[in-house]
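Sending over a structure as structure tokens; questions will come in a sec.
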Amino acid sequence: MSSITRPSGRSADSLREVRLTRNYTKHAEGSVLVEFGDTKVICTASLEDKVPGFLKGKGQGWLTAEYGMLPRSTNTRMDREAARGKQSGRTQEIQRLIGRSLRAAFDLEAFGERTLHLDCDVIQADGGTRTAAITGAMVAAYDAFSTLVESKAISAMPLKHFVAAISVGVYQGSPVLDLDYLEDSGCDTDMNVVMTDAGHFIEVQGTAEGAAFDRATLNSLLELAQAGITDLIALQRKTLGLR
Amino acid sequence: MSSITRPSGRSADSLREVRLTRNYTKHAEGSVLVEFGDTKVICTASLEDKVPGFLKGKGQGWLTAEYGMLPRSTNTRMDREAARGKQSGRTQEIQRLIGRSLRAAFDLEAFGERTLHLDCDVIQADGGTRTAAITGAMVAAYDAFSTLVESKAISAMPLKHFVAAISVGVYQGSPVLDLDYLEDSGCDTDMNVVMTDAGHFIEVQGTAEGAAFDRATLNSLLELAQAGITDLIALQRKTLGLR
Amino acid sequence: MSSITRPSGRSADSLREVRLTRNYTKHAEGSVLVEFGDTKVICTASLEDKVPGFLKGKGQGWLTAEYGMLPRSTNTRMDREAARGKQSGRTQEIQRLIGRSLRAAFDLEAFGERTLHLDCDVIQADGGTRTAAITGAMVAAYDAFSTLVESKAISAMPLKHFVAAISVGVYQGSPVLDLDYLEDSGCDTDMNVVMTDAGHFIEVQGTAEGAAFDRATLNSLLELAQAGITDLIALQRKTLGLR
Amino acid sequence: MSSITRPSGRSADSLREVRLTRNYTKHAEGSVLVEFGDTKVICTASLEDKVPGFLKGKGQGWLTAEYGMLPRSTNTRMDREAARGKQSGRTQEIQRLIGRSLRAAFDLEAFGERTLHLDCDVIQADGGTRTAAITGAMVAAYDAFSTLVESKAISAMPLKHFVAAISVGVYQGSPVLDLDYLEDSGCDTDMNVVMTDAGHFIEVQGTAEGAAFDRATLNSLLELAQAGITDLIALQRKTLGLR
Amino acid sequence: MSSITRPSGRSADSLREVRLTRNYTKHAEGSVLVEFGDTKVICTASLEDKVPGFLKGKGQGWLTAEYGMLPRSTNTRMDREAARGKQSGRTQEIQRLIGRSLRAAFDLEAFGERTLHLDCDVIQADGGTRTAAITGAMVAAYDAFSTLVESKAISAMPLKHFVAAISVGVYQGSPVLDLDYLEDSGCDTDMNVVMTDAGHFIEVQGTAEGAAFDRATLNSLLELAQAGITDLIALQRKTLGLR
Amino acid sequence: MSSITRPSGRSADSLREVRLTRNYTKHAEGSVLVEFGDTKVICTASLEDKVPGFLKGKGQGWLTAEYGMLPRSTNTRMDREAARGKQSGRTQEIQRLIGRSLRAAFDLEAFGERTLHLDCDVIQADGGTRTAAITGAMVAAYDAFSTLVESKAISAMPLKHFVAAISVGVYQGSPVLDLDYLEDSGCDTDMNVVMTDAGHFIEVQGTAEGAAFDRATLNSLLELAQAGITDLIALQRKTLGLR
């Protein structure tokens, strides 16, 4: 790792302080406050005893996600999407990513004709809201499915893999892990990576915002991401009391 | 007060535990988490250096409010308003109430051509979200205007009155203060009252959901509300470090 | 009553001339033109042989209301809500109020799985459109339910109470009844009251638009309203040929 | 003319009773209730001292129209367009027709940078609402422009032609004038014709709803229409006190 | 025919070069590229095995049309209707016209409970897009129904008439056939005519954009249109390999 | 490369036949039909002499993209987005990708306060529509900027890099290039790659639709993509007559 100075003062391969608080609100089957430093996202998992039309009668379940930001979760107040009457392209892109990532974590054929709704609402934003949301939603979803196991509605946790997500980027020429807002605004390349506990990829989304990037840079970024995700999955398991 | 047993076990004239946490999030000029028991609302106050078109060039300011609920802030998940593409009538009614109430608290001609945006987002709902929102938004707005005083952008706090709000209702035939969700669902009459620190009314909104109510009942409800609001305003002032 | 001079020249406790014209249009089961002075609202009541989804199979009926203003019913032309693509918060607030008020007037369990749609369209506005709408819709609804009684679809009029509504306000320091537009624009406090023929309250909605108001003022306003509503209900009954 | 029996009992070339009531509502610069038998439409004309963006600075005016139906103006209640959030294709087609027709009646370059908004709202529908709307809007527009002449804002009435409109159709094989709802539902061909006082065409819109129609039929329909429009324009002029 | 010089250099009664290319795209049951000179429209016909709610269980079919223009099919780029969130009044008017015209061509009771969707998308516009769309959609619809005949889903082509459409107008005082964009922009009267192979009218829509037009002019326009449509229907039949 | 049999019969590293047809429609400054086998997309580039509000007065340009599919470009007809009133999340995701990719190709500070609008409309879909769109839009944009160079509005082509895009995926366990619809539906991992003529990455978007993928697979996919993009850029240059 190079010796550039990050605005956050972290070393290139350091995560921010990550916290996962279960049972954050009382109504949802799963409810987690996830914090990646100053980024704070409430992730709730809600079970519903039906599936969308295209799956009716097929004996399998569905998992879907929605994402939102409170208007003043950001430095400058944004318009409220409910008041404007539509979700932005960015919002839709993020909630589609969260949904795909979590559908890869669970076996949709193993929890009956039910839908799990994941709601990821950003209370405070400081970069990396989508990766925090995926990481927190994993724990909320696990808790929600646990209620089905406990009530014997299903016989076992429908888990395929643990998944977590992190951002990586090139800041002042050097690859760094888990960008906060200041670093993200100043970086050339931004990549979000979603991986499983087996070290395999679910999603790789890299964008050159300034200069295009080469294969060597891509490789460095992926290595940083893999190390970070390993730590995040360990924290998810510990939070859930799994060994 | 009668001796009915409330689901909450409180006496008829007791508020739930009320907490006001300032600086709850870091970006907004004012940011308060208000809790009325299990009802939790994030109130942020955001200053903007312009006014709506109908006020341009008049040398006065504006104050407006928006309200939202996280989809799983309630017992059963609600559709996300941003995804449905419109705010419900209930949402609009509540945000108009919050806006009118807070415009009565401040002198719109005393803070220049600025807009104060109040965002009240319900994280967890257990009855009384609109009264909690008004009570918390008062403190968030005060903090936001304080930043203008501190930066000498204005010479004095543009305060007319402190305002706070509480719900009252008739539960099993008896008037009670500050209904939680269980009490609210089972009550005949529901009234929301907004008052100033001088004991005057800003808003009185009473609805007979079951039997119509008579003048004597109305009087009892207003007395309960006045006592509750006196306590809430004392708490607002204490929270702000005012005597 | 004080001796202020109202723009309308009326005494403080005088209603405007109120007219209720039944069978105003020919298609609806109930159709009433209601006039409070220069305020003119067409209220139609339409029966439909089904109920909304949340009531299906419960053996009870539903009653709902919609409200609109013709674009040039007002002094300055307003945008047409159908062209703008949404109803304003004010429109939704008013139609929710009309619906709640009329649901208090009729026994929803006594007219089968039917929906009564009340449409209140303002042809000419001069203050008090929502109270005129409630007062006129009561008569239109009565006429519509009469068609069910006449056809023996139901055995008796599903009436709980007659209801009517009136506005009161504080104009130049004095409480006055039934504000027209000029008075409404210049008043400090505006209150809409919906009551039953037993003198009980269905709705009380008071707003301090200027100075907050005290209990004594509130009491005076409620007394004015009660007297006005007594007269309106007498007129409703007379119009319907009831003693 | 053939000797078929029309549901209305009228002869093939008879208009329904047509009434034009000026100053029907009090706020608009022009306000006309037009009745073609049981079809009743309120037409208001509202002047605004600005033009749409595409005409700014060109020294000419604009004229535009909007059309709506009260939900229970028809036999079966229709959804309210403002509640559904959009105007139907039929509504848009009709309001575009009204606008084009009236733009042909007035000289857009002779009333300054102003917009005349015509609002045609159907209170009761019994066939022919669009032709009634055009015929009534002509008178409302004339009245509105008269206020500009009277206030000397313009030097002369910016009139090109009087225009009026009527429907014709083939009912049970015979051409008939001014179809009411029953006749319209049962007819094969429906044509709306807009003409000037010089007997020239502004719009001809014929649709074969059942069998296609031939040139001879088209000719008969146009003759019926021309006679009807001559009578309508005479009535418009008489209503306005013109010789 | 007069001897004016048209911008296109054509004689007054000349069509542009018309081309109908079948099987233009591969997925649809019928797919035609229709070209009227530089106007190019892709018409696809898609069969669906269900009907709209209002026809369910009646044993008949339905046919409906949609119309769109690519944003840069025109000289100046237009906003994309999908991005603006609604179709313009012009678009709706045109797609309603296409639907009515083609419903007159086929026997809706002769192809079972199916819907034929016609999509007419303008790739390049040079005047006359709606008449080209109707003329091309006729062939696409014929091809789609042929697939039902070939698969023996129905026993015979459900054809009532061939239909085609053409525009006519008054350019510099003279009636001309099939206006291109330059001629259309400069013309006083614009008429779209839809006729059957028997020479009968399905639709006649004439609009005076400048001076109103008289009966003699109308007659000349209809004669031009009839001759043009005869040629178009001959081309449709030839393209389909019919004699 | 492995020896699996692709449905298309191509070898793992073969592109489909790619065609780029310039000047496909006549109005746009750049207009290209791009074909990747049976996938056909019309890409137009439209210049506008203004920039969005957030760039006004900064002396630089903007480039933005929109994407759409004709309703029957696909095997089963899709709803028309303009009729539904909104663009899907997928559509927005794709048009944001196209915009970012092409903004990386051109120097936004070198063509003045102008906006280049890229419209990519899918006429026929058979997999890979977004990569075809990016590849074709590059040529359309180049042609549009050429008109500015030719008219001497700018002094040189504002080019940073040529960019092109291709999809890669894992089909039956083996990495393959440029998936058609059949291959795409059956593949486990799908990746879209956008690169420059220098072999650097602009975008990498990989998604595990079935099993998660490992680093070795990712490497193979990126190598396939790089080879394909090199060929595509050579074809773009040849099409434009560049050496």
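Residue numbering begins at 1 within each chain, and the chains themselves are lettered A, B, C, D, E and F in the order written.
The rule is short, and it goes like this: a residue touches a chain if its C-beta (ideal position, glycine included) is under 8 Å from a C-beta of that chain, and two chains touch if they have at least 3 such contacts.
Model, not experiment: these values are computed from the prediction.
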item: Graph separation of chain B and chain D (steps between touching chains); value: 2
item: Number of steps on the shortest touching-chain route linking chain C and chain D; value: 1
item: Distance-maximising chain from chain F - centres being C-alpha averages; value: C
item: Distance from chain E to chain D - Cα centre to Cα centre, in angstrom; value: 28
item: Centre-to-centre distance between chain F and chain D (centres being mean Cα positions), rounded to whole Å; value: 51
item: For chain C paired with chain F, centre-to-centre distance based on mean C-alpha positions, whole Å; value: 59
item: Touching two or more other chains - residue numbers and ranges from chain B; value: 85-86
item: Touch-based graph of the chains, sorted into line, ring, star, complete or other; value: ring
item: Order around the closed ring of chains, commencing at chain E, then chain F; value: E, F, A, B, C, D
item: Residue ranges of chain C touching chain B (in the complex, touch as defined); value: 86, 89-90, 92-93, 95-96, 100, 104, 161, 191, 195-196, 198-208, 211-215, 218, 222
item: Chain D-touching residues of chain C, taken from the complex the two chains share; value: 25-28, 31, 38, 40, 42, 44, 46, 48, 66, 68, 70-75, 77, 80-83, 85-87, 91, 117, 119, 121, 123-125
